[in-house]
Amino acid sequence: MKKIINSPGDVVPEMIDGLVRAYPQYVERIPGTEAVVRSNKSSMDGKVGIVSGGGSGHEPAHPGFVGKGMLSAAVAGQVFTSPTPDQIYEAIKAVNTGRGVFLVIKNYSGDVMNFDMASDMAELDDIPVKSIIVDDDIAVENSLYTQGRRGVAGTVLMHKLVGAAADQGASLEEIEELANKALPHISTIAVALSAATVPEVGKPGFELADDEIEYGVGIHSEPGYRREKIKTSHELAEELVSKIDRELKLDATHRYAILVNGMGATPLMEQYVFSHDLLDELATRKIKPAFMKVGNYMTSIDMAGISLTIFDLIDEKWLDYLNYPVETIAW
Amino acid sequence: MKKIINSPGDVVPEMIDGLVRAYPQYVERIPGTEAVVRSNKSSMDGKVGIVSGGGSGHEPAHPGFVGKGMLSAAVAGQVFTSPTPDQIYEAIKAVNTGRGVFLVIKNYSGDVMNFDMASDMAELDDIPVKSIIVDDDIAVENSLYTQGRRGVAGTVLMHKLVGAAADQGASLEEIEELANKALPHISTIAVALSAATVPEVGKPGFELADDEIEYGVGIHSEPGYRREKIKTSHELAEELVSKIDRELKLDATHRYAILVNGMGATPLMEQYVFSHDLLDELATRKIKPAFMKVGNYMTSIDMAGISLTIFDLIDEKWLDYLNYPVETIAW
Amino acid sequence: MITAEIVDKWMKLFYSKISEQKAYLSELDTPIGDGDHGNNMMRGMQGVEDSLDKLSNPDLKTILKTVAMALISKVGGAAGPLYGTAFLEMAKNCEKTQAPAELFKLALEGIKKRGGATTGDKTMIDVWAPAVAALETDSLSVEKIEAAAAGTKDLVAKKGRASYLGERSVGHLDPGAVSSQYLFESFIEAGGIE
Amino acid sequence: MITAEIVDKWMKLFYSKISEQKAYLSELDTPIGDGDHGNNMMRGMQGVEDSLDKLSNPDLKTILKTVAMALISKVGGAAGPLYGTAFLEMAKNCEKTQAPAELFKLALEGIKKRGGATTGDKTMIDVWAPAVAALETDSLSVEKIEAAAAGTKDLVAKKGRASYLGERSVGHLDPGAVSSQYLFESFIEAGGIE
């Protein structure tokens, strides 16, 4: 493991420290926690607070999305480990201005349980809390009898959506409704060229041969659905689009938002080449995205790979929410 | 080599295609070239045009910085290879609205010569052209008898500066003066953990052992000044700051802008940890930056490593220029 | 009869087992999880140790609650709320009963409620449930616990990260089941069932 | 006497040498440059080939200018403007003289002016300068050119990317000198000095 760090155990506090000191205009640390909150406090007045977070290792998610128009606070756990309820509870308290707090949770047992416990704590303080559990990763078959699907890059679009609605004055109930309505229309699928190395573990989460890729991996080195010899960007685009097509039933009369997300070690060069093939692939289905972003948004430390998120904008307003101006480090 | 590409020879045109189609609101391709120009044409009216560019492989530089308030156009050469004069000439023509065009060139023989030839061509059309040759990389000793220093991440701050001045109506001469005045106050130094792999070459530009780093590498796998066993982030910050200190003579009464730049494969996690140590290191010198950015701005394909740029803001206005709002993909 | 002294001894023993097996637990978590279970438990037990150090002569409720709060605020991930809830349930109920069978049963119910998993889902519950059953018949033994943990190898994961693997989770021990094995072994060693 | 036919033959021979040595030239460019010189020259010579294919019976000036423009618009990097300028200078002056010594001398001056380098800076000039001198005394030979290219090994680079290495550039051949070696060898093979 070759990384620019000090002690592996200090990565999270040092990273949060570096982030808040580099960008004091956007975020500050909630004292005694690894959570960050907007510096622009007045931007939260009279608005529903939006709190997200999860394990670290997904930078710029989640602190990079804290700011006017998007998240109110973000809580960082240890690397790939859900934050603890006490920290989430502090974040909830820090952003509550009386209209309640909405939690954006990625669907992992740990995240769900810790955020749940934090909600319980907040309710004892009479802070109204509602939440959405994002499960956009279609690599895993959905089932009532299992944990269900994972929350991955599509979560960032959810942040954007509910953040914009909150900034425009939506109520906690309206935000919950918006989130519930949008969720089934957001699908993500990834492909990995190499796995992430958790600093405290010191070696990659899985091994891929020099010419192997794996479809459907998660953002914590969770295994995917198929391992293959490396394919061209064009073939990857075909595979990922067809997987999402099966889920969302892509329709030339709909409008779509696209997020091409780099996993951390994949340069923009490759992300743009992939975008070229992706847009060609969508064009064969007569689809031209109404909104698109390409870059590192929900990473997996130093994993090489890419994820594709497609969001079916069945509601007029959703595109406006995506385009709504924000003041964050990383959107 | 494991990359998300099609044919190595097609990387540049496909990448530019992906970029312009993903972000039509910011940029469009100049027909028949690998150059991109602002989509917002009226933002260039009555303003000096700013053109930059160079070899590809530095994404988001340079097309990611095209937009109102920053570059007017950017020309992309083959990977790590200067663009040709005909393409630069097309970009100059595309952005000239009568007040002339300013070129931001990184100090490499190839870039200097090709941009020079393009200026000659433009002068035949009576387009006034001036330029700055950025040489911020202090890893190389400066000398009149050699090529001099390389242009690296500090170039992005130069883009920001002259772009803001142009947007505010500065003349070609004023922009040239600004660039010349600012240049000596921008210093950059890098450290690499691994080298970049040019797609057409297929293997890394140099080899570093599993526990080795190299100080002072360039953005094209040019060798640096020292190879060592891997150090902590804290020690790296010490080394890089002290190198720049020797050059800029850091002074607690001055204001500084900082750019922590990831080389492509280094995750934000490490960049923020490094920022933490950097800010501590500056604090021992009683310096707190007036402006700071952390992220991938001037990359070297998939090189792992980081560069540090410090910009001594001796002129009041420079901070305003850095903070001036822009409409680009990547600033 | 669970006493404050037993809990104190139990936690020390558990801490030392976790320290020894930290790397092994994370390794178990690698093929079917995210490779951090050992680190998570280690961080948690360090927190428990630190918190218990600050108590002098605590009563049973205080010590159980302190363990719970340390685990909840230090472990994170899935294991934190689950182990935390287990101890919280014991703390809540230890004034009514100090019988291991009853307290562990309530703890197990807390785990089930918190995580929504049940027996056979290839989680820590597959150690907790047989352990509670054995406690109820006064037949808890190291062998039974080990067998229960070993038994998770053949199960298909239904909850937690391992569930994303579906059938491919078969053939691997569940890391949370193994850490729970250590928990019960430590409890026995601490004299909890004497 | 340089003629259009000789240039055509010359370029075909140069193209085939570049094709053969593409990987080798990029390899030479790796320790002291950025590893692309072979690719750059290959792209350029493909461009030259394509452009020349479109000409029918060109005169000397047209063919030289076509080569120049193809190199300028296809190679990029440092080599593009330098080789391009060399052929542009020949094109500009080939109506006044067709003597190799004179045309190559003007080309060399163009290279020096464009790049600001001089003899001994470990660049292509260290092949061009001795080649021109030999042409002037009618003594150009493959051996002399090879020796000139080989001689760049001992030099310290002062211009181009290799200059960033300073003393460490010693011990490596200059890639542009080697491609220039091929250029002059092709010229001899094409009958340029007969």
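Each chain carries a letter (A, B, C and D) given by its place in the written order, and its residues are counted from 1.
In the analysis below, a contact is a pair of C-beta atoms (placed from the backbone, for glycine too) under 8 Å apart; a residue touches a chain by one contact, two chains touch by 3 or more.
Predicted model, so just to flag it, every value in this text is computed and none were measured.
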Fewest touch steps from chain A to chain D?
2
Relative to chain C, which chain has the most distant C-alpha mean position?
D
Could you grab the centroid distance between chain A and chain C? Build each centroid from C-alpha atoms only and quote it in angstrom.
31
Could you grab the centroid distance between chain B and chain C? Build each centroid from C-alpha atoms only and quote it in angstrom.
53
Whole-Å distance, C-alpha centre of chain A to that of chain B, is 29
Which residue numbers or ranges of chain C touch two or more of the other chains?
none
When you check chain B against every other chain, which residues touch at least two of them?
none
Pick one for the touching-chains graph, please: line, ring, star, complete, other.
line
What's the complete list of touching chain pairs for this entry?
A-B, A-C, B-D
Under the definition above, what is the set of chain A residues touching chain C in their complex?
55, 77-87, 108-110, 113-114, 116-117, 139-141, 145-147, 150, 198, 200-201, 205-206, 218, 220-223
Sites on chain B touched by chain A in the complex
2-6, 11, 14-19, 21-23, 56-57, 59-60, 64, 193-194, 210-211, 213, 230, 232-234, 236, 258, 260, 264-279, 292-296, 299, 301-302, 304, 306, 330
The answer for chain C against chain A in the complex is residues 26, 30, 33-36, 39-40, 43, 72-82, 84-85, 114-115, 158-161, 163-166, 168
